[in-house]
Structures are given as structure tokens and as C-alpha cells.
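Right, I'll just put the structure down here and ask away after.
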Amino acid sequence: MAFYDKIFETFGLTAWCGKGDESPMNMAQLLAQTRGEASAEASSGIPFPSLDNLNESCAAIPRTRDMTSGLEDAFLSVKDAMKVVLDPVTQPLSWALDGALWAFLATPWWILLPALFWLTWYVSRSVAVTVFVACSFLFLGFIDHLDAAIQTLSIIFVCTGLCVLFGVPIGILMAKSNTLQRAMIPLLDLLQTLPSFVYLIPLIFLFSVTESKLYGIAIIVYAIVPVIRLTDLGIRLVDKDVIEAANAYGMNARQKLLGVEIPLALPNIMAGVNQTIMMSLAMVVIASLVSAPGLGVLVLRGIRNLELGVGLVAGLGIVLLAVVLDRTTKAALARINVAHENG
Amino acid sequence: MANRTQVSIRGLYKIFGSNPDAALPQVLAGMGKEELLQEYDHVLGLKDINVDMQAGEITVVMGLSGSGKSTLIRHVNRLIEPTAGEIDIDGNNILGLSATELLRFRQTMMSMVFQKFALFPHRTVLQNAAMALEVRGEDISKREAEAHKWLERVGLGGYQNHYPYQLSGGMQQRVGIARALTSNSDIMLMDEAFSALDPLIRTDMQNLLLELQTELHKTIIFITHDLDEALKLADHLVILKDGAVVQQGEPQDILLNPADPYIEDFVGDINRARVLRVRSIMHPGEDGDHIAGDVDQNATLESVIELSAGNTQKNYRVCADGVPVGFLDMKELVKALVPARTNASRSRAAR
Amino acid sequence: MFKISKKPLKIWAGLGCLVVMAFGSSNAQASECGEVSLMQADWGSAQIVTAVAKFLMEEGYECDATTVPLSTNPALASVSETGEPDILTEIWTNGAPAYEELVESGKIIPVTEVLSDGGVEGFFVPNYLLEAHPELATIEGIAANPDLVGNRFHNCPEGWTCLNVSTNLLKAGGLIDAGIENFVHGSGETLAASIAAAFENKEPWFGFYWAPTSVLGKYPMTLVDMGPHDPEKHACNITAECATPAMSAFPRSVVVTVLSKEFMAENADVSNLMAKLSFTNAQMGETLAWVEDNKASYEEGAVHFLTTYKGVWGAWLNDAARDKLSALLQ
């Protein structure tokens, strides 16, 4: 009855195919039955030789849903082993996030805000940027979004810090090895495009959903990619003549890395850090879908309750944080660049 | 000059490509550059280089683009590894050095000056000059004092705290030279060090180098494509073409006795009167008649012509520091003004 | 400034007419019913209801039905502003503050309880946990033994009405005082995933959920006894600022099919169909369980319902429709 029956018969595979469980009737078949059509497939031409279509002719061929449930079973069977390895490795992330959240929220605002403003000044040395940052936070406080903003800020600090801590060394290793770079590029592409929920839901099976490392991983996995890519690029782009001079005078690999390559790659690395911060903020709402506190929660509340204003204001709060962090890191970058002008 | 061979290069071959060792036997058997490129897709960088460089002398390696001169100089500090051959420095085979030994070797024995200066843009002039000592691990006050001294010596007294981008090309190269001098290495490699500078600055730098050399007597290996520069600086001149040595020797000697038409063409256009010295064409240890006066053995032919006011009857006694060392025949001087020709080119000119 | 030559213009015009006629003719067939738009929410029971309704409309009443993916609140907002979609198939009235207003204003008309037994909402514990510790069957039992449920309550995400109700009930039942963490999930997906994870690892779980759902079909859990439902107490519990949270079970959730005012006026046949279209919890539960067991899509689940419960849906149709679907009804 199915299109590919003939093919299996010709190859003498009917016995092997066997008569397995009938797969559930699908809508096309029901419609055919209702309308009294001779065959559901007659009107549709040659069906693509997909697993489901082949399964209709030969029950030994698994259906696509068997493949997907096979993957699920495979995951469930290895998850306990994975948990033993991954849980302790990622536990520091939970501690860091919980610790930062606690510290930021426990500090009274009249200590925390001046500290943040001072930090902005120290890093950027720009009056304009510091004033802008001060006004932004004061505004957020004025509209009762300060706590949420501080929660988001603490999460971003921790996640970005870890991204830089791990991303820069990985970028350096990539810059030193063409093989590693070839292997990493598809992985980085995957991390940036794979929808977070696809791996976050399985992670709930490994860690409890109440662990902060869940949203920490969500943010880090997505946001670490720019700093890795740009560190790799920055080091590869260091002037070859300068490297040759370093070699000619007998610098060893460590001296070259610390004394020449990293300082000269710093503009690109800082650009990577800036992008990592932006992407962390872009993930704030998804992080809130897996229980991260902060402005993302307000955005979700607005979306779910159709309170457009709530969502909009919280979203703009995220944008404001992004602009604050962007300006500050750009000002810091400009200071580093001063020494590198090539006239 | 004290003469001992400091750098000895024997049978050096360099082949660029994905599998040089496989192509080597062909080259040893005599395959040429074009054939190697077509059949094996490999580039013949250097072919059978045999050069001895004396301690305390300036050896100039000269050639046009693609002659292999940059490749050759980079073999001396093993920035490029040879495909075959030996390189001995002070009697030690440097190809046998381990990685750590090689670093030590570069830190202490070698310094290099680059065509495009290759200064560290993120460090000050003083830090750049002190770089070699910093790599060696010397402490900061010592190395800055040393760097300071050499910066003054090359004429950059007040510029310690400037950054390279703030200096002109000539000044940046002085920093490069100061950096090399601060390292206090025996051997100094100069890769077209003055080629990126404008002519007047270039002359200044050449004079600076010669001046420093009279004090320091370093072993300098100098790469250039400029014949005038080569003739001015070289104690020993090596001419490369397509990766092979065409002729090497004392510059005056090459001028007077070019080995093949390529060299003839090469040296064809220079002002021989200004470059050739009396000592190259005198009869050493002899005496003669019609002596009109004394000339120094290192005087240029041009100055003698001026002295004689064009009179070819006048011969001269040649002196070195006042002591007679030879006899200069005016007719031979005039003959020397015309480039000698090899047999091959004589028949070419006759057509 | 170029001249549009007349000849190609005629050809385009002609083609245009043909296209219009082609569409027109297909409409002519369905002109009795016309175009119908249906809301399609993403949870299991709603998908089944919508798929069944669409099939019957198209095959029995020759409608031109389109489904619009929407969740409850956006759907209500849409129908109140634009009158579309025509049919909102499964509105859980407890979770829809806008619902009452819209009914009063007459913009939407509830025609039937599509889940005839109503939805069940409340606090659940897994059956395996209950078998091991029968004392967890009541809220008092849980308050007395917080460790046994893992010291945590899995609450609804921000923006769901059940969040406030559950939080107030936790306070009222002394569970917060007993040290139970009120963990607010970020999304419905993580809430469901936490149940799946608990069952996989055979860990304790205690939180809010509702039936009929695929989740409860796959992971058997039991409702915790919270006593009877008290409308006054519940009315306070719904608000976040409730000063006197008090114990009261969740009311039976009325789940209705709602039609837009305009559609009701225009299309009597399909309105009647939707007025009769309704599932018992047993039927819906069995269908959802079947979907789980067979790893089927919800559309296949609808097919399963249509082939298994012919007597049930046969009664929803008018005579003309029953005729057209006679091949299937045998």
C-alpha cells in the first residue's frame, strides 16, 4: 500500500522488514479515509524517502520519533555519570553567583552606588561617562527598579568575569594552534546559535533547577564566544615584524606572550570583552526563564500579563545597563589605546 | 684587523615548500629554481652557500629582490632553519643547539636591526633600547643606564620617554641600532637597516655605523640591495643571485675583476673613480720613475686625477701613514676607470 | 519617466483575474461556512481540542479553517480589540483576569465548558513519594515534615495568577514558617522539567500543577488535600497584597470555549458545533496518555480521538455534517 513497498520486495527484504507495530495514523491518512480517496499518497506524487515514509513499507526501519526518543534515552542513561563530573566542576559558579547576589543586595545603596561610581571613574577616567553612569543608576532607583537592576548587574559581573577568565586563555591557545582553531570554530558557531533551552532543559535533569549555575551556564555559554574569537584574532594580528624582533633577541614563549602579544592584542581583546558584556545582557531574559532574578523577571511579568508598560520599562532598564557598561569599557579601551597609536 | 673566522657557513641549502627534504636530492643533483618550482611546487631559497665571515669585520650580503639575502641572514640566528648545510659560530655548530641553548645564544651573542625598525609600540624608547638586557634578566637600573648610554651615543639623548610613533623613521632606526648595541653582542645582523630611510638620513646612518665600528669592532652582517651602500660599508662583499653566491671578496677586487657578466652589469654604473682606491691598482713594494708626489694608499682615484690635473705622465709614490708601500702608474689608473670585461661579454660587445 | 507599454499590462491584468477567480472559486465551495480562525495554545489539551475542531469544521462543514498560535492573555486581548480569532478553544478562566470583563462587555460569548469536568489545579506530590510517606497527603502533614518534600515548593512563574494564590496558601498553611523555600520558576518549561527530573532521579517534589496535562498523564501525581474551596478566602489569595492569607483549595477551574460576538452572529452551524464540543477528563486524559506512550504528535493524538471516540463526536454534528463524514463514522 505504501509507495516504497515495491522496492523492499525487489530486494527481497520483506522478511527482514517484518510486520512491526503499526505507527499511529496521521492526519493525511485520516483525511484520505474520510474523503474516500483511494490512497493518501496518490495525489502527493513521490514521497521523500524519509525514515517515516520508509517505515510505512518496512517496519524494521525506525521512525524519526524512535530516533529522537533514542537520543533522549541515551542522555538519560549517561546523565548520572555526567552529573558526577559536571556538578563539582560547576559548583564554584553557583557559589560565585549566589555570593555576588547576596553581597550586592546586602550592601546598602548609599555605599554600593558611590562604590560603583568610583569604579567607573577609576576605569574610564572620563567625567562624561561617570556622570552618565551616575544619572542612569539614580534614575533606575527613582523608578523603583534599583534592586532588579543591581541583581542583573551582579549576575553580569560574575558571568562576564568568568567569560574573560576562561575565554582569554582559550583564545590564546587557539591563536597558537591552527588545528585547535579549526576544531573550535564550529563549536563556537554552535554555542552562538544553538537555542539555549535545547541544552538547558536536559541540564535541569543534571542539576536542580533551583541552582543558580543553570542560568550562569546559559549566559556564559553564549557570551564567552566573542572574547574567545577576538582574543584569537588579536593575537594573530600582532605585527609579525615585532614578533620577529622578539624572537631575534631570544625571548621565550612566556616573555613573548606577556610582554608583546597580549599588550599588542589588548585593543582586540577589550573589544571582545565589550561584546561579551553586551551578549550577557542580551541573555538576561532567557536567563530569567530559568529562574535568574533581576530585570528579566520584570520583562517576563510584563509579557505574560500583557502589561506592556512594565515590560517596556524593564527592557529599557536592561538597555540602560548595556549602554552604561558599553561606555565604561569603551572609555577604558581608549585609555589603553593611547599608548599604541601608530601615528 | 684581527682575523679569525667567526661565522662559517658551509653548503647551506634552503628549500621552501611542504616537503623540502623530498626535494633536496634533486637540488643537490643540480636542479634549478624554475624546474623545481614547476615540477615540485617548491621554491629554491638558497643554493650551496659557502661564506666565511671574519670577526670584527662588516660583511655585506648584496643582491636584488628574490636573491635570498634576507633568507640567508635569518639562518645566522636560526630564525629560519636550513634544509641542509652547516653553520658554525666561533667553532660551534649552532644547528645542534637545543631550544633553551638557542634562546641563550640569541640573547647573548646576537642582535638584529630590521628594515622596518620592529620596535615595540607599547614601550618607550628607553624600554625598547633596554629590551635585550630585559630579556636576559638584568635588573632595571643597570639596563636602563646601559640603554641611556647607547641612546646618547646614537644621538637620541632627550627622547627616552617618547614612544616610537612619536619619532621619525631615521630616529626610530637609531633606536633600533641602540637596542642592538645595548645588547653588547658580538654579532650584529642588519637586515636592509637603512633601506627605508631617505637618502640624506641614510648617509648619516652609514657614517654613524662606520664610526661606531672603528670603536667597537663588532662582527656585522649587513644586507642591502644598494651597491653604493655595499661598497661604502663592506670589508667583505658577497653578491647573491637567485639564491646562489655569484662572487664574494674584497669590494675593490670585485670591481676590478668581475667574475661574470651579471656582476659586470651590476657594477657597471658606479663611479669607479670615486670608489676605487689607490691600493687596489698600485704596484706594491715597487718603485718607479717620473714620480710627481706622494699619495695615500686609501686615496680615491678621483682625488689622484685631481691632483695630477689630468696629466697621465705623472706617476706617484704610494704611502701608508707616511711609509712608502708602492708605486702608482698613471696609465694603469686611467685603464682602471674603464670596467674590465670577461671574455663572454667581450664577444657580446663585439657583435 | 518610462512608458508602460499597454500589452504587458493586459497580460498582467488577465493573470490577476484568473488568480482572483481561482481563489474565489475555492471560496465559493466553502461559502456556506467561509473562513474561520481558531486560537491554538501550546499546551497539550488545547492542541487536541483545536485539531479536532479544525478537522470537523473542514470535513463536516466545509470551512476554511486557520489556526493562530496564541496563549490565553494575548488571545483575549486580540479578540477584544479586533474580533479575531473567531474561536478561542480553551480558556482557563482562573488564569485570565481579563476574561470576566470581556464577557460582561459582550465582546465574547462562552458557549460551553470544553473540559466538562473542569480543570484541576493545586499542589501535587508524586505518587512514589506518597506511597513511601502517606502523611504527605495533607497540607498539615507536609508542614510537619518539610524535609520529606525536599524543603522546597515549586511555584508558578511570574505573571501567572497561580503565583499569588500559591504563595498566600503557603503562608496560610504555615509552610513558609516550617522552612519550605518558595521557589518561583522562570517559566512553565522549567516547572515541567523539574517534575520530569524528579521522577527520573526518584527525588522528592512538591509544587503547583494542573490537569488534564501531558505532564500529569506521564508522571502520576496526587493532589494534596487542602480542605474545601472558599470563594471569599480565595478572592483575597488571588491578590499579592492579601493581608489575611487563608487556607482554601483551588476552585474547580472552569475551562470554556469562547466565540467572538461577530462570529456567533454570522455562523450558526459552526457555533452550534463548538457549543457541543466538549471532553471529559477521562477522554482527554486517555488521549494525552496515548500521545505520550506512542511518542505521537498532538495532531496524531487528535486522529486517535477521532477514530476511537466516534460515538462521542458524532453527536456533536448536525445532519449535513454527519452525512459528509459518513465514511468515517462507520
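For clarity, chains are labelled A, B and C in written order, and residue numbers in each chain start from 1.
In the analysis below, a contact is a pair of C-beta atoms (placed from the backbone, for glycine too) under 8 Å apart; a residue touches a chain by one contact, two chains touch by 3 or more.
Keep in mind that what you see is a predicted model, and the values were worked out from it rather than measured.
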Chain contact topology (line, ring, star, complete or other): line
Core chain by centroid distance, with centroids computed from Cα atoms only: A
Averaged-CA centre spacing for the pair subunit C and subunit A, given as whole angstrom: 32
Inter-chain centre distance, subunit B versus subunit C - centres from mean C-alpha coordinates, in Å: 88
Intercentroid distance (Cα basis), subunit B paired with subunit A, Å: 58
Where subunit B touches two or more other chains, by residue: none
Interfacial residue positions of subunit C with respect to subunit A in the complex: 51, 55, 59, 73-74, 77, 98, 152, 157-160, 181, 183-187, 189-190, 193-194, 196-197, 200-201, 294-296, 299-300, 302-304, 306-307, 325, 327-328
Contacting residues of subunit B [partner subunit A, same complex]: 77, 79, 102-108, 110-112, 114, 116, 118-122, 131-132, 135-136, 163, 165-166, 179, 183, 189
Interface residues, subunit A side, partner subunit B - complex: 239, 241-242, 244-245, 247-252, 255, 259-260, 263-264, 339-343
Subunit A residues within the subunit C interface of the complex: 24-27, 29-31, 33-36, 65-66, 68-69, 76, 79, 197, 201, 204-205, 208-210, 215, 287-292, 297, 300-306
